[in-house]
Amino acid sequence: MSDLQFGLMLMLFGMGLVFLILALLWGVIAIFQQIDRRILAKEEEKAQMAAAAAAEPGADIPPDLMAAILVALDRYRQEAKSRGPGRRHPPREIEPGQARWVAVGRAYQLRSNIVPRRRSQR
Amino acid sequence: MSDLQFGLMLMLFGMGLVFLILALLWGVIAIFQQIDRRILAKEEEKAQMAAAAAAEPGADIPPDLMAAILVALDRYRQEAKSRGPGRRHPPREIEPGQARWVAVGRAYQLRSNIVPRRRSQR
Amino acid sequence: MSDLQFGLMLMLFGMGLVFLILALLWGVIAIFQQIDRRILAKEEEKAQMAAAAAAEPGADIPPDLMAAILVALDRYRQEAKSRGPGRRHPPREIEPGQARWVAVGRAYQLRSNIVPRRRSQR
Amino acid sequence: MNLLSTLFAGLAAFTWGNALMIVVGGVLIYLAIVKEYEPVLLLPIGAGAILANLPLSPVIGEDGILSILYKAGVANELFPLLIFVGIGAMTDFGPLLERPHMLLLGAAGQFGIFGTLFLALLLGFDINEAASIGIIGAIDGPTSIYVSNLLAPHLLGPIAVVAYSYMSLVPIIQPPIMRALITKKERRIHMPYSENPVSRRTRILFPILVTIAVGLLVPMAIPLIGMLMLGNLMKESGVVQRLVGASENEIANVVTLFLGLAIGATMQAQVFLKFDTLLILILGIFAFGLDTAAGLLFAKFLRWVTRGPLNPLIGAAGISAFPMAARVVQKVAQEEDFENFLLMHAMGANTAGQIASVIAGGVVLALFAAK
Amino acid sequence: MNLLSTLFAGLAAFTWGNALMIVVGGVLIYLAIVKEYEPVLLLPIGAGAILANLPLSPVIGEDGILSILYKAGVANELFPLLIFVGIGAMTDFGPLLERPHMLLLGAAGQFGIFGTLFLALLLGFDINEAASIGIIGAIDGPTSIYVSNLLAPHLLGPIAVVAYSYMSLVPIIQPPIMRALITKKERRIHMPYSENPVSRRTRILFPILVTIAVGLLVPMAIPLIGMLMLGNLMKESGVVQRLVGASENEIANVVTLFLGLAIGATMQAQVFLKFDTLLILILGIFAFGLDTAAGLLFAKFLRWVTRGPLNPLIGAAGISAFPMAARVVQKVAQEEDFENFLLMHAMGANTAGQIASVIAGGVVLALFAAK
Amino acid sequence: MNLLSTLFAGLAAFTWGNALMIVVGGVLIYLAIVKEYEPVLLLPIGAGAILANLPLSPVIGEDGILSILYKAGVANELFPLLIFVGIGAMTDFGPLLERPHMLLLGAAGQFGIFGTLFLALLLGFDINEAASIGIIGAIDGPTSIYVSNLLAPHLLGPIAVVAYSYMSLVPIIQPPIMRALITKKERRIHMPYSENPVSRRTRILFPILVTIAVGLLVPMAIPLIGMLMLGNLMKESGVVQRLVGASENEIANVVTLFLGLAIGATMQAQVFLKFDTLLILILGIFAFGLDTAAGLLFAKFLRWVTRGPLNPLIGAAGISAFPMAARVVQKVAQEEDFENFLLMHAMGANTAGQIASVIAGGVVLALFAAK
């Protein structure tokens, strides 16, 4: 096989293999994501049930306190909504260097999706 | 010599040697302890004599101050006694890891010996 | 060549070469110093011209403030003078070890030249 | 006198080539200090080049310090691999794990490797040299050093210098290509962002499974991907902070210094001052450009296929060059619409490019082994 | 097509043994991360095992990174000795110097070495292998690695893994034996505690004299005891904090990572997957148990001889495994009487065990040399 | 019984020489800990001497840890050169760049090298040995080790020990000579001090140009001066703090420990206990004294030539021994006039001495190569 032939083959096979392997990794991660979501969904369900159970004895809370709590809760929910859906995993430790970029990026990104949406609401 | 024979000999000689060498080290340390104690005793003697010499010119201290000093000293002595005999070497720097255990141990241990003693005094 | 001869030659040539090379380095540094001074002189000229330009609109400063500024400036100049001529390069970061000695030395040295001078002024 | 002539043999042995290489070393140091282009590598490389080009320099002799460092960690590939452990320990694959389809953009961003390889072949380099030059397109220092040292060690000097110098030039090389290939309208596309939950379990399993998967398919990539993922595993495990610290700091710093000096020492006049080196300089730029173009065009294609809100600019982040490329994407996007934030998507594509670069390096070596 | 078959040679060469060993590596990583069993060693060992068992893995080839690390520090014993400098720098022999008779408990805690050695002989291991397996009873990682690498390097992998894994299991292995051998009444014994003054002079002279004394009697123990005591001397001297810091941190961390990876690389399927490995797993537990039992019984005997207030539980701390064993003693004592504090005595026995382990390792090597 | 005799072979092989050398090791450790004489080197040297003189010690065998360290960094000169990178990173050439004529005082302070060399020749040492002994007069540890290891490696032990021990004795050795050679009146001379501006550019170019200039003239000095100036360049560049930190800390500390141990290991009784060692001890003091005297007298001469305000005491700082010698100058000056501050001038002469020592080392090697 001449160098040029081999070079051409390198190009085709090489690029193909790289795509193949990365597609495969995509599949692997996607499976993980599914598992993560199911586990999280279950955990959330449990948490909600626990919250519901815990909420019942709230009947004997004085109405003033109840009002204050409701306002706080509402404010929290709004905030949580504005943070976007799905934010559940705990904030991770910050490393120097690139992690700062990731943090900055996350903050920017969230703003990016909120701002236009709010605009369209007006 | 067969393997089994050599193994048996390894066991007997090995264990014997280990005990022998450690006993020897015990002896060496014990000698050091004796020397340490003698030097410390001498140093303490000197310190006491110096203290006695220093105490004499105390005659011209006003009685109020004297009383305060005596109360403080008494409190200090009680404290020192409760710390147990022989605590003389200066507190050593703390390293991470095991040294923390040593420090905790020292504290626990002292408590351990004080509590029962006090009980028996009652 | 006998060892002794070679030794003698080592001594003469060696010492000579060491002096030669260091004298050469002296020359190189001296050239740098000249360049540094010229550049600094130019920079200073520019700075002064800029300062002069900036000073002109100061006419509309209320007289009280003006007085305060003048006092402060005077104090600064005295201080700057006592620091000796030529101190221009910014204070450099301090490293552990020898740099501390350099810093201490610089401080001492400046004192050393101020004190006698002041004396002779009296 | 014989003594004097031997004494000043250095001056006598000084060549114009040496002088030129000392100037080149000085330029690298200038770029490192004044332009701050990857100073931790370019400064030692420049210093090594100067030390190696002083006439009769003992540093590159049999037992010279730079030869010792070269044998200790470059010839046997130890240093680039150790640096990979540190890189892995510093990399956060979170943004990629949230959006794994970004991996395809990482794949596309490696086209420069193969395109440049082919061009180098056409320019008359032999196949081993061509592949080594192509690997500049991995835009990843340790990978370039690793592969070129195995295939064409005589080109290690220029390739390493080109790889690290151009990496700092990413903010200059990429934007024109981005503006040329992506329309204004496309550049304005907002991408919705919602964090997908990524569990600690996934973060820990990811490096292990990538190692096993890639290792089974491309054994030649095991050292590169294995060390990268080892560092990441240690970081994500959260239980070996001492080892993570040692990898990120002690090992990474010491090895970087030694690696830079040893690579600089390969830049000896008689080896470096060739027409080939000039060609490598040009081919390197070409590799960077081709990577970027391929990433952008593939992102366009992906948008066409998925018809979803995908800003093709993020394709430029697939070349690796972490995190510069992702920042460039964000900057170019903001030029058109200040409120457009693509950074997290770009970060995903960027770490994908890093993995893809390593895999591409392994694939090239594997194809050579299978030749 | 020939190319494809060569390309996927990795998949073709994959064996069930490799797969199993990758699972074993995964289990070690699981133990390290989830159970936090000695993670700084088990995580790199696990990673090394995975990397070495991927088919056709270049990491264990002639110039593979794990082979380089193995040659650089395992084959020549450098790494375990350097780790000993760090251990010495972290050890406080104060509690032992206050109560030097504890040294005898340290001696008793080494019986597991010799008992296990004999049992391994009976099970058919040859004498070198038996001694290497016995040395698991030193319950001290670097000593086990040092001795087994000299006597039976082919068993290094399983022995190191067993030594480090079981060391984390000390809180599980010891308590049942302690409860079985020591009566409730004995466990309630309080030990009076008064700090004996230990001068700085003694603390500094101790490591020097131990080195000389042990060195004169057992030359084979000089490297082990010498490095341990060098670290301690530097620490107690108080004048070389820079070197102490380097030993405890830089050297210890980097060497631990490299040592773990290199040991993991010895766990290749064809070497590791043998019936012998299973036997070593069982003999390891036996060694730990025998050590503990011997320590406890000897403490009982000492109590009977001295008729003083000696709680036999502290015998269990003589096995070394610092500081886990001492903590276990304290915990078991408190189960019976919450106000019983034995920790300082146990610490003395524990550091005695550490010295005794090293000496025992040297004695075994010396007896082999004298064979 | 044969076993016992083999077992206690250590005791049998113990010689009076070994015992004496262990005592010498102990004395070095005593000087390090109690007198705090260069403890970071003398403590490891002392420890190495003890470990190497224990009979049948495996640490100095074929694969002994001290032999490994010796081969890894002493035999090939790696360790002293790496230490030089750290020294360069810690040195501030500012005071010298402000007063470059101080370089001449640094040159004068090297006369001890050549004077001692000649005296050693007269005492019967061969020329290589004499030069190695003379290089003690560089009063710079790494230079002494570097040169003597190349010219007469069998004298490395005593030379290194003498170099480092006497360096701590500078505050004792110098003052009498200073008082004897410099009159009271001269000692009272104040030196005006005005900081000359030194730009960052000059600070950065200085190490580069010194390397090139010295390298062209004395190729043999390239490793020494190159590494010293590399460290300084990294420091002054301000852009590679990570590498500077690694050079000053990680590399310097680890290498110092290893170097000390390896040098200590060369002090084996049969090599060290010779009449020559005693002569080296005496010649070492002579070298220090001659350096000091030459520096002082040359400063006197300079004062006579320039007729400027130059206090001849600062000549004593030209010997190198940074920063002890500069402090001694300040101290002796203040004895006469408390308000006389010469420290900055002395610092200039002191760093000049450091550069001059390295150049002198290179010159000696160059003259030998030209022999």
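General remarks:
For clarity, chains are labelled A, B, C, D, E and F in written order, and residue numbers in each chain start from 1.
One rule holds in what follows: a residue touches a chain if its C-beta (ideal position, glycine included) is under 8 Å from a C-beta of that chain, and two chains touch if they have at least 3 such contacts.
Remember, it's a predicted structure, so these values are computed and weren't measured experimentally.
Judged by contacting C-beta pairs, the busier of the interfaces A-D and D-F is A-D. When chain centres are set by their Cα atoms, the one at the greatest distance from chain F is A. Shared numbers divided by all numbers used gives the overlap of an interface; between chain D and chain E this overlap falls below half, so the copies present different residues. Computed centre separation for the pair chain B/chain C is 58 angstrom, with centres defined by C-alpha atoms. Per-chain CA centroids place chain C at a distance of 30 Å from chain F. Note: centroid distance chain E to chain F, computed from Cα atoms, is 41 Å. Under the contact definition stated at the top, the residues of chain B that touch 2 or more other chains are 9, 13, 17.
Shared interface positions of chain F, i.e. residues touching 2 or more other chains, are given as 3, 7, 217-218, 250, 366-367. Chain A makes touch with chain D in their complex at residues 1, 3-4, 6-11, 13-15, 17-19, 21-26, 28-30, 32-33, 35-37, 39-40, 84-89, 92, 95-99, 101-102, 104-106, 108-113, 115-116.
Listing the residues of chain E that touch chain F in their complex gives 76-78, 81, 204, 208, 211-212, 215-220, 222-223, 226-227, 230, 233-234, 237-240, 242-243, 245-247, 250-251, 366-367, 369-370. By the touch criterion stated above, chain E contacts chain D in their complex at residues 2-3, 6-11, 14, 22, 26, 29, 32-33, 36, 39-40, 43-44, 47, 50-51, 54-59, 63-65, 68, 249-250, 252-254, 256-257, 261. Chain E makes touch with chain B in their complex at residues 90-92, 94-97, 100-101, 103-104, 106-108, 110-111, 113-115, 117-118, 121-122, 126-127, 130-131, 190, 192-202, 205-206, 209-210, 213-214, 217-218, 235, 248, 322-323, 326-327, 330, 339-347, 352, 355-356, 359-360, 363-364, 366-367, 371.
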